[in-house]
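I'd like to ask you about the structure that follows.
For reference, chains read A, B, C and D in written order, and residue numbers begin at 1 within each chain.
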Amino acid sequence: MDIGFIGLGGMGSAMASRLIAAGHRVLVWNRSQAAVERLRGEGAQPVATPAEAFQADAVLTMLASDEVIEDVIIAPGLLEIARPGLIHLVTATISVDFAKKLEKLHAEAGVAYIGAPVLGRPDVAAKGELNILAAGAADDIARVKPVLDAIGKATWVVGSEPHLGNVAKLAANFVLISAIEAMSEAFAFAECQNVPQEKIAEILTGTLFAAPAYKTYSAAIVERKFEAGFKLALGLKDVRLMLAASEKAGAPLPFAGVVRDNFVDAIAHGDGDKDWAAVSRVAFRRAALTDD
Amino acid sequence: MDIGFIGLGGMGSAMASRLIAAGHRVLVWNRSQAAVERLRGEGAQPVATPAEAFQADAVLTMLASDEVIEDVIIAPGLLEIARPGLIHLVTATISVDFAKKLEKLHAEAGVAYIGAPVLGRPDVAAKGELNILAAGAADDIARVKPVLDAIGKATWVVGSEPHLGNVAKLAANFVLISAIEAMSEAFAFAECQNVPQEKIAEILTGTLFAAPAYKTYSAAIVERKFEAGFKLALGLKDVRLMLAASEKAGAPLPFAGVVRDNFVDAIAHGDGDKDWAAVSRVAFRRAALTDD
Amino acid sequence: MDIGFIGLGGMGSAMASRLIAAGHRVLVWNRSQAAVERLRGEGAQPVATPAEAFQADAVLTMLASDEVIEDVIIAPGLLEIARPGLIHLVTATISVDFAKKLEKLHAEAGVAYIGAPVLGRPDVAAKGELNILAAGAADDIARVKPVLDAIGKATWVVGSEPHLGNVAKLAANFVLISAIEAMSEAFAFAECQNVPQEKIAEILTGTLFAAPAYKTYSAAIVERKFEAGFKLALGLKDVRLMLAASEKAGAPLPFAGVVRDNFVDAIAHGDGDKDWAAVSRVAFRRAALTDD
Amino acid sequence: MDIGFIGLGGMGSAMASRLIAAGHRVLVWNRSQAAVERLRGEGAQPVATPAEAFQADAVLTMLASDEVIEDVIIAPGLLEIARPGLIHLVTATISVDFAKKLEKLHAEAGVAYIGAPVLGRPDVAAKGELNILAAGAADDIARVKPVLDAIGKATWVVGSEPHLGNVAKLAANFVLISAIEAMSEAFAFAECQNVPQEKIAEILTGTLFAAPAYKTYSAAIVERKFEAGFKLALGLKDVRLMLAASEKAGAPLPFAGVVRDNFVDAIAHGDGDKDWAAVSRVAFRRAALTDD
């Protein structure tokens, strides 16, 4: 297939690489050039404008926020000049409200739209092992199966309205950040009582919590490996999206409120550019533990 | 080995059964008789008083709380009349403070003491697949290996002071109840936005959260299976023990505060005798979802 | 003075009435006509467009949100066509970020701008007893003293940058909604233990809390008088603005997180159009108390 | 009247002084002697044992906790040897559960019992301006009117069962510590945005919050005057009593959960012996503000 790809940050680059490796012709565009050149070396075909990427069979956008999608895709009228038949996959974590707006705009423009946020960090994306939370018309999802197969190890179809993929993504990220926070508090609690956090991590991941979320993040917390896989400041953006959706949905989300304050605390203490596992430092600091 | 067993509720009975099946001579005592008779049928040897159970090679106590241990074991002076060489395993979830008191009392009486709280519900205990969080002198733990092997699939040695086992147990239970609360909030959040909770459960347990804690409890929440494996009112006792230990330890525990309020809310609404997964009903009720 | 007034809801109408009564010539504009006609009867001079209200010595805007100000004042370019020397007082509760944007836009257009949010409900405004949290150039504030004196019993000068008035307003509203929440929880706590909430209200307002906030709101809660003085759904908007500002400022605000969830809960249960004191029903409902 | 007084800490001493000044014969007892000698100088009559203080017309106990009352009054059997007709006023903040136990024990011993916790700090007690939250039989309260009048400026009769006084005290202290926490968060929020906390304090206490709680504590926070009027570590005891009562009562108390964590945080950072207004340092620290 001919596949456009817009937004070549850590995640986007890794996903585009997978598409190239799978034999697709990939038309790449990015605001800054370095990532474009790197992918050209892998066989990608750089294009001069986002509009050209909308002339493929499918286009994936992995842009940082509602605002960037608005600026790069919507305001310039790309939906209006999209190649007939093109399917647009929005893979970033965006707000539920903005996803609903995108539904409307795509319908008006007659462009197929799939909400396809992904679970996984850049290293997972590089292996083509993302989990994709896809929502959209069943036919559309079927047509882009080769795309989804190239970037993910599984596609979870959430529903037929694209914004439902974003609801599921926010729910999953909420459970994930709650797990990180719970470990952080538990580890500080244990350390204050002379049980090494490594021991709690070992017990958890050897018993009821033998799952990637706990293995990955307990190791990061215990070893203070906070090089950004997913920046804490972006994590706060996700928490903000959860809270905004929860308000619209009418569902209180008390754990998200606790986490929000801890992200604000972490950023105030200079950890905004670290991986979001660094939120664990808040629990340690509040317990008057030094963490290094 | 000759093994005493005191406290034959759901957990205790299942554990005693395993010891009998493993070929040990098990001296059982319980406040009420029904469980005693059932175990007699399996080959246990009922004894008339708790004191007799303290005449074995090892004795396990699975009693409901600090207060019951005080009443049944400490106040009657069982430590003073224990058979020389006996090892006492306290398998219940007790407070860290009371475990420290037990350390002192056992040392004074010259009785070996192992803190050995367990992870797992009665159905897990029945299969001998508990996880045991053992703390005590290495020699003592080695000597009761046959006991531990009969009831558990793994023994995690937390440290040499028995109360450390209780610290680890509270930390693990804290992470568990936090996971239950996170799922509850996420499911209500999703349902309010037309994503079925089953879908979120499927995604979580198929991806980052493919672990027993999430599989067991997402199923319980989604199917409203709240027959008590672990009573909600007892769960609140555990949360209270976490908070008490956190206060002594100097480690804030904000998720436990949120969970505490939800347990109070659940009990006020009549769910104290249900399984503690029924705390999920609070998130649903607050979001104005009916849950049946 | 010639004073323009845009936005004649409950608060705006009461404030405009005071200005008329003080002898000013008041040019009123409102989206819907009923309030305009009522004020015409009091001596106001209706104008056909918001632009005409910007031809006075000063103009007050009491519009519901950032978005409405954007739509009614900014987008139509009223700053560009304002009468030279006009002073614009923005009296609504707006976001700190938007207030900063307004600072910039007014500076560029050469229009004086005072942030002048007010403390008080419509009945207080009707008596000219608002407290005004004014921020802006000292000269500007001095020039509109007759305006401020007509609508308020006191003007608190917060600083020279207009957005500081909004910071102070959010801080004050935060303390107020925290007091309402604290009373709600305390009253439910007391009622569950057979101490009538009236008794706690009497003790509080007779001792350490003998202040308008506690007198007004304890009475509202105890008597379930929830006719909207300030709509709960608008209160949630204010909490959202607090949280947004706290995020930008780097200051955790845990009480606001609790209150947010209770507002979401209250709205999910149908109380969004009641007075924000109705958030007290959440504490009662969670304690399984019926409140009427 | 002949009045016994047991427990001469900061509060107890000040209250006993008032009784002496009012012309009563006051029999004082305290664990340590310094306070006893000081009061002897004012005209008190020291007694050698608590039992002698129970031979008066009334006896006031101001002891630090449930446990101390148990040790000093109950275990030695003072209720059994009390002078017939004596009325026992328990003025300390004790748990609701223990107050219920005291009701039963007094009834069995035929000793009149009034729950009479007080609102106010030592400086207020020294002026005889405490607020007394009295609960007990109306006749008993009437008979000790001279006592109550000497120590307080007002007596608020909460109900006829003595423990209701303790419910009211916990409710009032909950609202007070919530106000302190709300100010702390608001001040940190404002400071981070360049509005001085003094300005917010001035606005609050000049408008809706013109009440002693806000005047006293905003000054303490702003000026960092944390010499202990009421020790933070004792404040945490009160929060613990609130949470315990809330659990029994079935009333969630989310603000208390937030405050509890902040007290734990404050004590972990070495502020346990400061006045409980020092909990404000947590909000400042979390916002990365230095507070001195």
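Points worth noting:
The rule we apply is simple: a residue touches a chain if its C-beta (ideal position, glycine included) is under 8 Å from a C-beta of that chain, and two chains touch if they have at least 3 such contacts.
The model shown is predicted, which means the values in this text are computed figures rather than measured ones.
The chain with its CA mean position farthest from that of chain D is A.
More C-beta pairs touch across one of C-D and A-C than the other; that pair is C-D. Measuring from the averaged C-alpha position of chain C to that of chain D gives a distance of 37 Å.
Rounded to whole angstrom units, the spacing between the C-alpha centres of chain A and chain D is 52.
Chain C has its Cα centroid 38 Å from the Cα centroid of chain A.
Under the contact definition stated at the top, the residues of chain A that touch 2 or more other chains are 246, 250-254, 258, 261, 265, 268, 286-288.
Taken together, the chain D residues at the contact with chain B in this complex read 236, 240, 243, 246-247, 250-254, 257-258, 260-262, 264-265, 267-268. Taken in their complex, chain B has these residues touching chain A: 96, 119, 131, 133, 154, 156, 158-159, 161, 164, 167-168, 170-172, 174-176, 178-179, 181-183, 185-195, 199-200, 202-204, 206-214, 242, 245-246, 249-256, 258, 283, 286-288.
The touching residues of chain A, counted against chain D in their complex, run 254, 261, 265, 268-270, 286-288.
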